[in-house]
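Just below is one structure, and these are the notes that go with it.
Letters A, B, C and D mark the chains as written, and numbering starts fresh at 1 in each.
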Amino acid sequence: MADKQYAIVLDTKKCLNCKACTVACKFENFVPVGDDTYRIWVTEMPLQGKFPRLHQEYQPSQCQHCENAPCEKVCPTKATFRTREGVVLVDYKKCILCKACMAACPYDARFVSDLHEAVEKCTFCMHRVSEGREPACVETCPTKVRVFGDMNDPASDAARLLSSRQHYQLKPEKNTRPRLFYLA
Amino acid sequence: MFQSLDKYRSMIRINKDVPSMPFIILGAILLFLGFIGVVRVFWQGHEAVYGVTRQVPWGLLIATYAYFVITSTGLAFIGGLGHAFGVTVFAKMSRRIVLLAFIILLAGFTQIGMELGHPFRLLYLFILSPNFSAPIVWMGLFYSIELVILAIELYVVFNPSGTNHKVAAVLGFFALLVGIVATSNLGFVFGSLTARPFYHGVYFPMYLVVSGIAGGAALLMLIYNIIYKFNVPDFYSDAMAGLGKLMGICLGVMIFLLSWKIVSSLYTQPQDSVEAVTTLLKGPLSSHFWIGEILLALCLPVALLLISRVKNLKALGMAGLAFMIGMFFTRYDFIVAGQLPPMRAGLEGAGVETIAGLVQYSPSVGEWMVFALGLGLFLFLYFMSERFLVLDEQTRQ
Amino acid sequence: MKKNQFFATVLVALLIAATFGIAMAADEFTNTGNDNKGKYLFRKNCRTCHIPGGTAPDLSPNSKTQAQWQRTFKSYEKLTCKDEWKKLSQGDLNDTYTYLYNHAYDSPQPATCE
Amino acid sequence: MIGNKMTRRKFLGISAASAAGVAFAPALTRVVRASEKTNDYSILPKGKREFIASNCDMCVNKCGIICEVVEGKLHKINPNPKNIKSRGMLCAKGNAGAALPYSPDRLKTPLLRTGKRGEGKWKEISWDEAFKLVAKNLADLKEKYQNRSCVAFASTEGFQEEFYYYLVNSFGSMNTVRHTTLCLSSNIQGWSSVFGVFPDADLQHAEYVIMLGSDRAQALITPDSVDFQRFKPKGQKLIVLDPRFTETAAKADRWYPVKPRTDQAFVLALINVIISENLYDHAFVETYTYGFEELKNLVVEYTPEWAQAKCEIPADEIRQIAREFAYHAPRSVIYPGRRSAFYPNEVYIRQTFAILAAICGCWDTIGAVVPKSSVKLNMHNVIFPFFMLSQPRVDKQAVGLVKDVVPDSVACPMVGTGLPVDSCAFLSEKDGSWGSFREAVLQDNPYPVRGFFCFKQNPVQSVPNVQKTLTMFEKMEFICVIEQQMSDTAWYADLVLPHSTYLESWDPVHNLGGIEPIVEFRQPVIKPLFDTKTMFEIAGGIIHEMVKIPSLWDDIEPADFEAFKKDILEGVLDKPIVEYIQHQVLEYPGAFEELLKEGFYTPDGGKARYGSTRNPDFRFKTKTGKIELFNERYKEFGLFPLPKYCEPSALPGPDQYRFLVGRTAWNTHTSTQNNPYLWEIQKENTIWINTAEAKKLGISQGDEVRVKSKVSEQTIKAYVTEKIRPDCVFYVNGWGRQSPWMSQIYKRGASESEILEDVLDTISGSMCMHETFVTITKI
């Protein structure tokens, strides 16, 4: 396991619901303005309780970069593939826009991009990561909800958070083994 | 060279008995509408013309694709029964069966061709970079083979030197087999979607095959009634009765499968499945479901078959008509229902818009136009064939 | 004698002048002048030297409290630049005072000399 | 957050997507290579790629940015991780700034009105014509009214504002009006009344934080919005009081939906408990403060039980909070807040906060409130002439002018003499009070004001009671607006001058005071896209035309005129702006190069500065030189010297709701809503109504409702929620726009400035934003 295994650890308790990450992602990745065109999002979780005893959480999310990615399995042309670092990517040139991956994704993380003429989604900003920079959403976040790092490197912030804090993944019942970890 | 063409002359005639002209004209109009749709798609792009969304990526065109190609494999199944399994009653229908199967498969291909963003890319990527874990690859492969088999079959049944029955039997067998495999793979395109429990599993591969056979029978019963103006000669009564019985059996199996699908889905887990079935039973798709799927596709044909005791050929035609209309809704419902429960709740900021917990989909004008293209192609080609080709074994003899 | 007389006269004159000056200053310098003009005068007359890196310490209205400005104006004769002061009319001095007093360190609206 | 869900429609999404695609996609043609074999993930075209450090101008925070420019086109604005003020963050607005230069709604050339005002008929003119026109109008107005102050100049903070003041001072008007009285003036005044300055909170180290009416999670302020969650010390407790369940409330350990207008009662009770239980910092009070005995006597009656009756927070919990606050002192923060005035007693509310901090010794030490330090910059010592025809501010003697907007019963208990004092007494004279300024102009008292200039401000959207603002505009013979887009104010102008964006121009450096002071500046990131100019160039252009008109200079000394031309024009405006900047940082060798590289500068590496005032000899900027618990200055002015609690003069009537205002994290005041990347987050505003009240009124989610106040009525969609007190309703500001050139947001939602009544806080001159009561009816 010499390769890095990238993951994002999220401490949603710090999320201000400020949407900085969603806008940063759009510019970084040429995602056009539009209701359906977004790679990441910040969900306002249901308000709990009755006035004046209220509680609310905010949940930023994106493509989960599943180890067992349903989208990869159903892609007829191998346009969707996993890199050695465990990042699920789309080779836009190979996409025939059958949209099977969109139907297969339990996280609704994919959409049709007019710009790429292919299905696109979060790439963990691999173009930045390969330059030694953090993904745009990670970098821009005021409170640093997201921590990006290598799970194989025990010294990385991400790995330390995972080993020291309780965490969960989204839709574990789908057996997708996401690379997005939410701190409890 | 012309001499060699001469032998085909016996295959060509102008058949004025068949009421083909209205259908040819209708087909031409639909083709024209479809052509406009195609131009729009190329001009404005898929995203602008189609009503599909991020949450409902598969819409009307997948439904119409399924509607056409599954009916085609149903026809191939019936043809195969005649050729390969000695069910001789259908042999007299073999030209129409093969022709229908071939044309309707072509119509189906127009739908998927217009639905895919890069249909031409598909042609070489299926060879250069196939992903064998993807059901779409197998579906594509088997439908392509099916098209080739049907094309050869077409050549064989229209061979003026007479049909080579051995070859026809082998081809028929493979058409039947590949058809079943292709359609069940189409079912598995959905069956593989673990994200959407309504689709997931073996139900759709089975249901699509059975309903396809019923559809093939229904289409044949309807077509014969049309070309004989609801006065099908006795010559065909045994074949028609055979079709009626076959359809009856399929309907029975369909009712059986559907009932258990619905009942099992209504249990509390998985939730998406409950929600999808609820959209059919009392949700946004309930009118389609109860009128189209239950009344037209199942109850009415069953009633007509039972009442006529599979003897009244008009009733069979009516049953076929009802089923073909109802089946359209069945296909549409099955595509849409599974996608209406959202993968993420429609909470603020989620980017998902829901009404009563469900995402919305309704086909756009552009999508209807592309459907018109497929339907028009089918009507135009088939009734042109009726008009200009010798399709009856009887008249040939 | 003559010498002494001269000195005494000068001393008396100075005393009188000083007393008069103080009395006048105390009476005349009020913060009801034109502080807009005062700002202009302060910049023109004082800030030529009282700037960072200038020949005199940097000065702004908020360099002193109101009381300190009051004292400064009362006894400007003690300042090395008193000759410059004398070139100004009483009105101009009062306007300058108004500006400095109104924007002094402990005033309701302290100002730096931007 | 608000209403984005209910307004989403697929077909709109498509049209917006394609429109935006057309607008922005050509900004860069991207190249995409994501393939398994090559491991090449680049998405940018090969070409010259630069990272240019600069400074954000999407709001007031001036966060550090690093702009990624590819082949001369701006691809992305990234946060500057080194910037100590913004702590390496960049919010949604800051990111969306990358779309600003390329906006199709930008003003591209000077526009002269040809139709009626507000009709929207414009003629493109050259800059030369525009400068001549402005100079001529200034000369004409000066001649006609024999008073330079007959032209008013509105502006708001910004790096180029100082050049606007070059224009103002070259003309000699005293009537300038800034954003302060719609902003922090009451807050600054309240804290300054005690400490002489307005401090910052050290949220990074505080163990106990009380926030009253500050939504730091949404109304983003750096570094506070970062610190209060990111660097929150383990175990830090956050107490939030707000009538709305804001994102900040969602982060709180305890949230109290405090009854509006009673925050002061809560804090007075804290002081009461802390003094009566002897929990205050004796040594600190002894050494640094003045007037403790008077304070002690005042708060005797303000028991937690008394406060509970006012603010609806249980007395036990008030007691507990007081004890906890005192226990954690000095690492306790009563958050100073950064917002406009809500109530007429706003200054006293803030004074009460400051007093609480003072008696607990939570001052100028780690984890407390800390006075801002600053980096001294080298000023341009320019002297503007003194014009004989400059009359004092029109609102100089505001007493009497503002009676209509100051309810007697409000003024009475607070102001000893019964009437407000001069509205400018507690403001920097440059700031002016919008409320009293507008009254004075409307009344032509004491003289007519007939010209109006506006730079970066948008009074039509931001000053309560928009009808009055428009009536004021009707009086004007010439209105000139300098803007980037056709704001609602620009829409009513006679001449609109297009200003360059912050990404296309040099800006002078500015010192940002704080616990860690920093100097920020801007440099051009991309070449100007259109025929726009900066305020530096505009001021120069206009002044050059002005010096050609002799009548503009007949009330100054000829020598002054010559000096003016030499000092102001030749000395500053005619030179490259870079020289101006270099002069500013002359004292710090290498600073300019550092600025070019990093976009900011700190002389000492940005160390936090504590304790500069913790010296018994330190003289605070108060009358006594001490931390004043008893304010001698107020006494002098006839105001209550202590934060005496006074009952609200006005309360919502039956069927009325108190109207609240607030912000979101993705828009700045009224200036960013038209940015497509922010618009897609929120496409219009809605009115928040408590679920139970909505039920009573028969209103369901998304219904259109009519909102009626004393001054206006509007329709807006309802957002039915548990997140607001039943007796309040809420809008987020910046919607219901009047300018059709704000293409995405024109007439979407409803405008807060239209529904708000104009009520003045007479001490700070602030507009009170929560003193409007409305009725709601379903349409």
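Everything below uses one rule, namely that a contact is a pair of C-beta atoms (placed from the backbone, for glycine too) under 8 Å apart; a residue touches a chain by one contact, two chains touch by 3 or more.
Being a predicted model, the structure only gives us computed values, none of them experimental.
A count of contacting C-beta pairs for A-B and for C-D identifies A-B as the more extensively joined pair. Ranked by distance of CA centroids from subunit D, the top chain is B. Rounded to a whole number, the gap between the C-alpha centres of subunit A and subunit B is 39 angstrom.
Subunit B and subunit D have centres, each the mean of its CA atoms, that are 65 Å apart. Remark: subunit C and subunit D have CA centroids separated by 38 Å (rounded to whole angstrom). If each chain is reduced to the centroid of its CA atoms, subunit A and subunit C end up 69 Å from each other. Multi-chain contact residues of subunit A, defined as those touching 2 or more other chains: 17, 19, 35-36, 44, 58, 78, 114. Residue positions of subunit B with contacts to 2 or more other chains are 47, 53, 348-349, 353. Residue positions of subunit C touching 2 or more other chains: there are none. Within the complex formed with subunit D, the residues of subunit C that make contact are 34-37, 40-41, 43-44, 47, 51-52, 62, 65, 105-106, 108-111, 113-114. Contact residues on subunit A toward subunit B in their complex (touch as defined above): 17, 19, 35-36, 38, 41-46, 58, 61, 70, 73-79, 94-100, 102-108, 110-112, 114, 117-118, 173-175. By the touch rule above, subunit D contacts subunit C in their complex via residues 162, 174, 196, 376, 378-379, 381, 383-386, 390, 392, 424-429, 587, 619, 621-623, 625, 633.
Partner subunit A is touched in their complex by these residues of subunit B: 45-47, 52-55, 57-58, 115-119, 121-122, 125-126, 129-131, 133-137, 140, 189, 192-196, 270, 339, 342-345, 347-353. Subunit A contributes residues 13-14, 16-20, 22-24, 26-30, 32-37, 44, 47, 49-52, 54-58, 78, 81, 83, 89-93, 114-116, 123, 126-127, 129-130, 136, 139-144 to its touches with subunit D in the complex.
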